[in-house]
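Multiple structures follow.
Both complexes shown next keep chain A, but they swap its partner, so chain B is in the first and chain C is in the second.
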Partner chain A sequence: MMLRINNNKQRNAQFLWGWLFILPTMIGLIILNIIPIFRTIFQSFFKTGDFGKGNIFIGLQNYSKLFEDTEVWQSLWNTIKYVIVEVPVSIMIALIIAVLLNQKIKGKSIFRTIFFLPMIAAPAAIAMVWRWLYNSQFGLLNNVFNLDVAWISDPSIAIYSIAVIGIWSVVGYNIVLFLAGLQEIPRDYYEAARIDGASGINQFFHITIPLLSPSIFFVSVTRMIAAFQVFDLIYMVMTDTNPAIEKTQSLVYLFYQYSFTYGNKGYGATIAVLLLVVIMMITGIQIYAQKKWVHYS
Partner chain B sequence: MKKLMALFMVMILALSIAGCKNETITDQGKSEGGSTTKDNAVSKSSDKLTVAIWDTNQQAGLQEIMNDWSAQSGVKAEIQVLSWDEYWTLLEAGASGGSMPDVFWMHSNNSQKYIKNNLLLDLTDQILASDKIDMNHYYEDISELYAMDQKQYAMPKDIDTIALWYNKTMFDEAGVPYPDSTWTWDTLYETAKKLTKDDGSQYGYAINTGNNQDSYYNAIYAYSGKVISEDKKTSGYDDPKTIEAMEVFEKILNEGLSPNLQIMAENGADVLLKSGKVAMITQGSWMVPGFRDNEYTSENCDIAVLPKAPDGTRVSIYNGLGWAAAANGKNTDAAWSLIEYLSTKEAQLKQAELGVTMSAYKGTSEEWKNGVPYFNLQAYLDMLDATLIIRPYSLSTSIWEDMVNKELRAAWSGEATMKDTLIKIAESMNKTLAEE
Partner chain C sequence: MKSRDYFFKTIIYVVLLMSSFVMLIPFIWMILTAFKSITETTNIDPFVIWPSTWRLEAFKRVLENMNFVMLYLNTLLMIAGRILAAVLTATLAGYAFGRLHFKGRDIAFSLVLFQMMIPGQIFVIPQYIMVSNMGMLNTIFALIFPGLVTAFGTFLMRQSFMGLPKELEEAAYLDGCNIGQTFLFVMAPLTKSAMVALSIFTAVFAYKDLMWPMIVNLDKDKSTLASALAKMQGQYMSNFPELMAAALIACIPMVILYMIFQKNFIEGIATSGGKL
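Here is the complex of A and B:
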């Protein structure tokens, strides 16, 4: 009897402490994330006045405008193009480098540091440096390779130039996650494979990738979400007189324009809701598709 | 179980990242809350004012003037510099959330909007009561930018005009006489032809596509065209005179006398002058400190008055900033005291002497002119005697200006004719103006 009371007490205490520990995060999430999500959805039904005063309820007008707005769909297409380039390429490069860095090579930790460095630099600083590299008149790229390419003002390639910056800055982060995943793969598998005569490439495709698939899945989902929200790179690299801006602006960039430059927060909120729906849909598809290829041990 | 956990984690992540973004829309005011409490604490102890501006070039000079005020009043004033875009985002967030800086710059693009929403401190009574200030001493058009219904909401800070910068070395090399007061906009075009090299290493003129005030606005008004009607109800972009003026620039771009739009968008006219790529640009007086501190421009460049229209009209668009205070500020007395001091003849003279900008106080420009001996700053003063047109504005200036910037690119790049583009612009701008 005594034992059970003690047990109950202990369980209650555990329960209490458990909640106490996650409470700060919960409060933070609710105040900073959950409430604003619903306020944004709420705001998308209004024609907002200056400085948050005098909002007028207009029902679905913002949404009907959104569906006819070619600028929005062009921006969505730009964003998708960015995601399609940035996410797979950054994962592939990171995967290869992570596997190489996991070998016994000299100066391993130096390489790891070097690859992670872009992650520490401020995105604004990165964008400024790349902007100069890309500059068609004075830029390093054109001068060293003797080219005459308008990297960031030619509408047909500007978005890819920006995706390259994105890949460059995110590869280090992916590498670290993959390295952590690689540590978890038991050495025995590789030894067994070697005895059976499997080549390095075969080992990579038949041992490393399947066993690393949970990490790859995690990285691809989080990177996809982050890539859909690309803003700072475009904001820093492009100017509004740039001839390529229509073909490069992302949904978040457009949202920023409407909310802060034009002061039309209601329509800005509508664009944000569209982005939310797109991200949820794609994440949902990814989670469904993981059954086919992700192996949890 | 693991799968379920993973699913849950991913959903939370998706929501929270999306949430972060949304947060910036709805709760921008609140997320600035951290600084609110700080500001409040500072203001309560009433020994420090926060001052917000957007031009780094002016910071040092203004801080020096404000230190003089601090010595008298015992209140410190601390200047924060933001970039132009950030400045307006922050100010709007502060206005929505109820925590603006104590004292800050106002610009004609946004002044009407802020005044209409009662966000700026009404200075009318204090001005009347003050023995240091007489509104007659300032340029009326600039005072008017910050007034509504006979009430004054900001004190004029400075005045700016536009002039023509040219590279003396390139003119000498080509054997072409320097620009002078006889020039028309057509002379500029003809000279640009002579100064352009075929290999793209040197261009005659660069138009600042990102800034209307220091480039094509001046020509439009010189040709007696307009950007917006007197009553601010209709666009002037389809005015035949406006089109005629803009076609001069069309010609310059189409004939390759100016770097193409892509180069311009990536670099800006001032950078191209500083790097010796172009022979002529038109720039505002607020750019002088930048060119003064640049080794190349200080050695090779000089200033002349803007060209005139064929009928002899010379126009400079002008503008001036205002010093404003927050209506709901915690320390409005100190804020007014600072603004009052900044508007006195003494402080305005010092602003000119230090080369910060030309001052809004009439008769102080001579001091400014002597600030940089190797540039002919007299050109900017001469532009004050030309026909002065205040920078066109309305309640929604920033919306239609942005649209014009975007639409004009078709004409700059030669995809559409200038005339068609301008007519399209006028239609769109009329729509925006109708919604004001």
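Here is the complex of A and C:
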């Protein structure tokens, strides 16, 4: 009897303290995030009136406009191109570097620091220095290699030049995550393989990759979601007058332009909803596909 | 066998040295350019790599034209406000989600996970309208506002609390502590390293955030380093030494912080998956 009273008392206490503790976070999340999701969707059925004043209900017109808007589909295509280059290449480079750093070598932490450095630099500063490197007249790249390439104003290559900046920026972050994953792989596996005469390359493909696949999966999902939201680099590297802007502007860039430069928040919201749908779909596909290749021990 | 090992070691070092050099080129070029004169940067025959003399003019000019003290201060206040709010709310919620059993907990926590899956742009327009309706555009509060609570931080703190042994809690209860006291005096102090990691993530994320400060604080006086740099680029189009000097001044504080807290940075990312 005594015990039950205690249990009840304990349960009530946990209930009260529990809700007291999560209350600030829950109120904040609801006001700052959950309600805004619905308001953004709601907003996408409206048009901002002239001079940015008033909301006019237009039903699904924003969506029918969106489906026929070649600018939006081009920007989605630009974003996909960016993602397809940035994510796999940065993962591959990071894998190789992480495996090398995982060997018994000196200066490990210095190398790691260098690779991680771009991650903590302001994106505006990164974009400025890369624009300067890419400068077709006075830039380091063209002058050292004696080239004449319009890295960021040639519409056919500009998005890839920007993806290179993206790769350079995130590779260190991936390396850190892979190094953590590599530490979990038991050394015995490699020793056994060596006794069986497996070469380094063989060990890489038959031990490292399968056992690291949960890390690789995690990195590719999170990096892909982040890469789909690319904005800073494009906003900073491309100016409005750049002839390649049409072939480089990303979905989020367009979202920003419509919502805060052209003052059409209704259409901006519609683009944000499209982005949400695209990211949900891609993440869903990845989670489904993981069964095929991710190896959980 | 020995010489073969030696050979592989050499290859590893060569690859690592070369790739870290490539990683450093943009930073090296930033530094070299900042010390050059404009004519040196626009001379291609011959192309100038090293500045003939190390000039400080670009730095002087940039420091005169841009109020870096104010930009640092705004950025610092934004970071401090976000860290304070994030650590406070996330530690409380993380403890409740990780250690307490109560009705509604799982539904509430699924809301936290749900927020983490939604791309941030979905929140931006309504958050902007809220700040604008409060009449708080162009304030430090506006910069802090979206970071008042953090789903990611809540998740991170929950993980940290879940890793603590049960016996500690039971001992505290037996000593007559209530849940609040147990949290405050026994459990919370043990998650200090997670709090540090959360602070670092919050700081880096706020420092790098470009879109939000550009939207809410158009006033020059209330810009952050990131947004002021973005504006500057438009004005100084081809004054490369000054652009690079400004970029360098904006990057240095974070680099120093990184050098100091390197271990926490790396551990934080490795254990939580990070979110930069």
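Basically, the second predicted complex is superposed on the first by the 261 of 297 C-alpha atoms of A that agree within 3 Å, B and C clash if a C-alpha of one lies under 4 Å from a C-alpha of the other, contacts with A are read in each partner's own complex, and residues count from 1 in each chain.
Assume a contact is a pair of C-beta atoms (placed from the backbone, for glycine too) under 8 Å apart; a residue touches a chain by one contact, two chains touch by 3 or more.
This is a predicted model, so every value here is computed, not measured.
When both complexes are overlaid on chain A, chain B and chain C end up clashing with each other.
With both structures placed on the common chain, the touch criterion links A:I287 to chain B but leaves chain C unconnected. Using the contact criterion defined above for the overlaid structures, shared-chain residue A:A180 touches chain C, although it does not reach chain B.
By the touch criterion stated above, A:M128 is placed in contact with chain C alone, chain B being left untouched.
Of the two partner chains, chain B and chain C are each touched by A:K265. Contacts of A:S136 after superposition on the shared chain: chain B is touched, whereas chain C is not. Ranking chain B and chain C by residues of chain A touched puts C first. After overlaying the two complexes on the shared chain, residue contacts for A:D154 are found with chain B alone; chain C is out of touch. Contact with both chain B and chain C is seen for A:L276 once the two complexes are overlaid on the shared chain.
By the document's definition of touching, of the two partners only chain B reaches A:Y296; chain C does not. Using the contact criterion defined above for the overlaid structures, shared-chain residue A:P243 touches chain B, although it does not reach chain C. Note on the superposed arrangement: chain B collides with the chain C stretch 127-135, while the other options among 19-27, 127-135 or 253-261 stay free of clashes. Shared interface residues of chain A (contacting chain B in one complex, chain C in the other): 29, 32-34, 36-37, 39-40, 43, 131, 137-138, 218, 222, 225, 229, 239, 252, 255, 259-260, 265, 268-269, 272, 275-276, 279-280, 283. Chain contact summary for the complex, chain C toward chain A: residues 8-9, 12-13, 15-16, 19-20, 23-27, 29-30, 33, 41-44, 47, 88-90, 92-93, 95-97, 100-105, 108, 111-112, 115, 117-130, 145-146, 148-149, 151, 154, 178-180, 183, 204, 207-208, 210-211, 214-215, 225-227, 229-230, 233-234, 240, 243-244, 246-248, 250-251, 254-255, 257-259, 262, 265-266, 269-271, 273-276. Of all the residues in chain A, the ones that touch chain B in their complex are 29, 32-34, 36-37, 39-40, 43, 50-53, 131, 135-138, 150, 152-154, 214, 217-218, 221-222, 225-226, 229, 239-243, 245, 252, 255, 257, 259-263, 265, 268-269, 272, 275-276, 279-280, 283, 287, 296.
Here chain B touches chain A in the complex through residues 2-3, 6-7, 10-23, 25-27, 29, 31, 85, 88-89, 92, 95-96, 113, 116-117, 119, 209-210, 259, 261-267, 275, 277, 398-399, 402, 405-406, 409, 413, going by the rule given at the top. Considering their complex, residues 11, 13-15, 17-19, 21-22, 24-26, 28-37, 39-40, 43, 93, 96-97, 100-101, 103, 105, 109, 111-133, 137-138, 140, 143-144, 168, 171-173, 176-177, 179-180, 200, 218, 222, 225, 228-229, 231-232, 235-236, 239, 252, 255-256, 259-260, 265, 268-269, 272-273, 275-276, 279-280, 283 of chain A touch chain C.
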